[in-house]
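Can you keep this structure in mind? I'll have questions shortly.
First chain written, first letter: the chains are A, B, C and D, and each begins at residue 1.
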Amino acid sequence: MSLLSIRGIGKHFGGLQVLEDVNIEVPGGAIFALIGPNGAGKTTVFNLVTGLIKPSSGSIAFEGRDLAGVPPHQITRLGIARTFQNIRIFPDMTLLENVMVGRHHLLNYGGLALLFATPAFREAERRSRERALELLSWVKLDHKADATADNLSYGEQRKLEFARALATEPKLLLLDEPVAGMNPSEKAVLMEEIRNIRDRGYGVFLIEHDMRFVMNLCDRVAVLNFGRIIAEGPPDEIRTHPDVIEAYLGRGDEAEVS
Amino acid sequence: MAAFADFWATYSTLVYSVGIHALLALSLWLTLSCGLLSLANAAFMGIGAYTAALLTLNLHWPFPAALLGGAVAPAVVALIIGAPTLRLSGVYLAMATLAFGEVTRILILNLQITGGPEGLNGIPLLTTGWYIVVILAVAGYGLARIRRSRLGRAFEAIREDEVAARLMGINVESHKLAAFTLGAVLAGVAGALNAHFTFFISPREYGFENAVDILTMTILGGTTSLIGPVLGASILTLLPELMRFLHAYRLAVNGLILVVVVLFLPTGLWDARRFRQLLKNRRARKGGQP
Amino acid sequence: MNRVSKHFSLALAGLLAVTAVAGDLKIGVAEALTGGAAQYGVPIRNGFQLAADEINAKGGVNGNKLVLVIEDEQGKKEEAINVFKKLIFQDKVLMIFGPTLSNSMFAAGPVANAAKVVAFGTSNTANGITEVGPYVFRNSVMESDVLPVTVSTAVKHYKIKKVAVIYGNDDAFTKSGYDVFKKVLEDQKIPVTTTETYVKGDVDFKAQLTKIKATNPDAIICSGLAEEAANIIVQARGLGLKVPFIGGNGFNSPKMFEVSKTAGEGTFVGSPWANTNPNAANQHFVAAYKAKYGSDPNQFAAQAYDAMTIAAAALKTVKITGNLPADRQALQEALPKVSITGATGPFKFRQAAPKDGKPSGYDADQKPFIYVIRDGKFVLFTGK
Amino acid sequence: MLEQQLINALTLGSVYALFALGFTLVFGVLEVINLSHGAVFMVGAYAAMTAVTRFHAPLGVGILAALLVSGLLGLTIDALILRRLRARKAPHLIPMIATLGVTTMVTSAAQGLFGVEVQRFPEAMLPTGEFVFGEVHLRTLELGIVAVAFLLMALLFGVMRYTRQGRALRAIAESPKAAALLGINVEGLFMLTSFSAAALGGVAGVLIGLDFNAVTPMMGAPILHKGIAVVILGGMGDIRGALFGGLFLGFAEVLSKAYLSSQMGDAVAFGLLFLILLVRPVGLFGRVLERKA
């Protein structure tokens, strides 16, 4: 059974049809990529999966559970975390706080415990802080744990967002253009980290433009063009798929495909 | 000692007012900490004040019970109006809460039980310095605890990026409602305390100007820490007293100070971050010298 | 002590000697001098100042000069309390005049009463003010003393069968005036066609007046301040509503004619004071006020002027001992015995009925006159 | 009675619209809730008052004085305060508080300069004409206000639609950054907007001061509250919205006074505002932007 199944999803904004009959099955323990030209509707897929917008038709299920009507924060709690194309960290909070926000739903002490700072409260906060630091050290930002996030470089912000998403202890991680704006060495490091994540048993579902990155990293790839899935399969298959080449050639992006 | 007795006799009300205003500024600080620009806190103060005053005047409840009433009533109202209102954002939320505040004031003005424009008089003097000190301390402690917990982090996350907060598993709606309601509770208690040392309350004390006053204190002091609102409240309460010699123009100076602070101290008077930065720079400079 | 500080302390002593000679009678004045209520507070302050200057020019009270300590209470209740406390505990005044608004008196009155210092209101007409306690005095005439006779006189004169009512419903002054009107109309069994309200700051009353016009009353009863009342009258006439007005205390200002000119002809007002009241004390007051401040006085100024005269008359009978609590107490006991003829005519106090068994303060006991507006002036109504 | 009430509503609505025009213009272009607009309005009334009483100028000159003095005040506020706040991209709340400080300053200064008592225009200056249609009365002055409100609205609308500056302003309202990239002198237009909005406010001050013949330092506060309601009802920053919102509020208020209870006039106005915001969060005529997450 796949981790996430998107079945027959359609979405229109006003009169504009953005997605049409999209079917995607994202397996667990694998890296799955959704590629396609700009404006193909990739981010819309993520917005639908995370519950930020409602589909016009079709259904989305996570671990067999229908997500219709489930609010975004519940979807996160079910085990889907996400990063954003245009990084959305909390700039005025420290790195540690940023990551600890991700552990919000995992801290379940009550109001009274909070007010009186009971041992249970202290223990929960301590564990949460430890886990946050662990995640920060994993993305090599632990030395800046107490700095505010707005001081970070672009690449560091991406890594922070990464750690923050992992802090929610997801089963599936949605990455929206994770290497945008990164240099090749940074990309290589990140690629390694994403593989690490997969090897720990997480599912990874990413959107990316960088073909080389996708082809080297992913287990399966789906291609979205003008709101429709035109191909789906392992990277080698996709690389040679005529419709995909057509779609990219039509846009003059052949260099990226090859 | 006699000098102190004289001073206290003259200025105790002023000191009480500082405490009340600090409580109000903290109530708004809490609401703002969740990114909600609310102008309803003056109305919540009024609801708390009237509830508590009616409880002591008519039902002769003991003061702590009346204070509790003054906390619960605005909380109930906040819960009711919060759900639909808090969907609005930014200035639109400000305007909706402003409208709510005006409707509340007009309602108080036209009800029988509230005494209409003549207000309620003869409210017993029950607020003592200790009540204000203890409640302010409890409020300060509670808010400090909230800041350092998942609740405070959630509020701040919502303020900085609502969508990202949502996707961190935070129930944005219920947290907003919590911040709004807790703010209403603090404002209500402030109102209840105020009513019981000024002998008298009337609808005009809870209008637009007062809402803006509360906002001004909070922003002037700075919202980056709990000290800011308290500082802002203290300054804006004491300033008019210190400016008495300016007579007709003293409000002009008040306005000027407000403008100057907004222009030159963007984060308010008290900005913990700025202070830390200053301290760091100084230390760095010292460390740099042989 | 070195020389410099000795000189300094001498100079300081000299300074103190100028500002507070032994025997000066310090009187606190707490009025709204800024903010929205300042339009009432400023003429009141002027009235006090004028009276005090005149009394001092004539040698003061038993040779002691009146020294006014004037503070701005902004028309806010907290400020009124602060100012009262400052005057009582820091400036150590004998008594306090003010504050301007009834609301503020409800807040500050208990402070003075608890400290056993007279709080003397000159513009507080709300019900219950003097129930605060025996140290609260006022010479502002209660509407309940004035309106019954005003209404019955007007009803008789115009053969009024039914009236419409309009009042300011967000102001304690105009609302309590309305409450009295309402009771008077019930007592005199005069039907009310409609009751309309407005709020402070309103400038457009046409919606209410149009509604009133449709109910076809014989007269309009209006409890409002002169500023708004004048506009109400003008707008009524603009809508072709020609029935006479009956006004409360708030009408009683020459400001009525600045806007309404002749539109207010035939309006009935009951009051102890009018600028045209021919008694000698009043004519002197009106002329002196105009000479000093360049504008016509209103009822607020007149009542403040009289209040100072009343206080001076009481102080004349008090032997100042320098023991502040005793002097304050003596003044409180002397005040109720005062009887003078001032700008508002013959005046004496009357103790208010006690509330909950606690002793009350003192209200004005004055005979109101009925004035009718003719040729843009208040004319004493003599039955024709 | 209904005919007269409709006329009443029209005049009151025009008064609101007239005030809201400048207010909404500043919001539309500068994105500032300018709480000093009430004070500017009051300054306009005093400028005209001073011109006609101190310098015995004719009423026309008085209105011109109001226009210039308030316009310059608006320009000063922009130059000294709003521009700096724009430069550092302060959040909405901050200019709002700054303009509140300005209001306190200007009102207090006016109290010091002119006293707190109501001042009146000389009787002889007021147009006294009146039209009577059966039971319905309409004064020339009221007619003038309605006419001026509609005229200014049409003028402003025309300027926005058909002139180069107007198009530039609309571009700025859409996106100041993009406008700057297109070579539009954004700062210059901001100044122009501040001047015109304040000048409009000043003229509104004179007209309303004349209509009710009462000028006080506090006259800006109540109309500011209504102005806020109008601008929200009409949709922030929308010029037609100011007219619609003003008339809508005028009608709602007058009709609720006429057929419900006059106690409820303001409650209806603000209650309506509250409800409308809940249903349409951007006001009756505001643009709905469906933002993608």
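General remarks:
Following the convention adopted for this analysis, contacts are C-beta pairs under 8 Å (C-beta built on N, C-alpha and C of every residue); 3 or more make two chains touch, one makes a residue touch a chain.
Owing to the predicted nature of the structure, the values given are computational and were not obtained by experimental measurement.
Legend note: the chain whose CA centroid lies nearest the centroid of all displayed protein CA atoms is B.
With centres computed as the average of Cα coordinates, no chain lies farther from chain D than A. Among the chain pairings, B-D comes first (most C-beta pairs in contact). Chain A and chain B, compared by their mean Cα positions, are separated by 40 Å.
For this pair, chain B with chain D, the centres built from the Cα atoms lie 31 Å apart.
Spacing of chain A relative to chain D, judged by their CA centroids, is 49 angstrom. Chain D has its Cα centroid 36 Å from the Cα centroid of chain C. Residues of chain D in contact with at least two other chains: 108, 111, 221, 263, 266, 293. Multi-chain contact residues of chain C (touching two or more other chains) are listed as 34, 169.
Under the contact definition stated at the top, the residues of chain B that touch 2 or more other chains are 110, 163, 248, 250-251. By the touch criterion stated above, chain B contacts chain A in their complex at residues 142, 145-146, 148-151, 153-154, 156-157, 160-161, 163-172, 273. Residue ranges on chain C touching chain B, taken from their complex, read 33-35, 71-72, 74, 77-79, 81-82, 85-86, 88-90, 102-103, 106-107, 109-111, 126-128, 131-132, 169-172, 175-176.
Chain D makes touch with chain C in their complex at residues 1, 4-5, 8-9, 11-12, 15, 108, 111, 115-118, 120, 123, 130, 132, 135, 137, 139, 208, 211-214, 216, 218-219, 221-222, 253-254, 257-258, 261-263, 265-266. On the chain D side of its complex with chain B, the touching residues are 33, 35, 81, 84-85, 88, 90, 92-94, 97-98, 100-109, 111-112, 221, 225, 228-229, 232, 236, 263-264, 266-267, 270-271, 273-274, 277-278, 281-282, 293. Residues of chain B touching chain C in their complex: 6, 9-14, 17, 109-110, 116-119, 121-122, 125, 198-200, 202-205, 240-241, 244, 247-248, 250-251.
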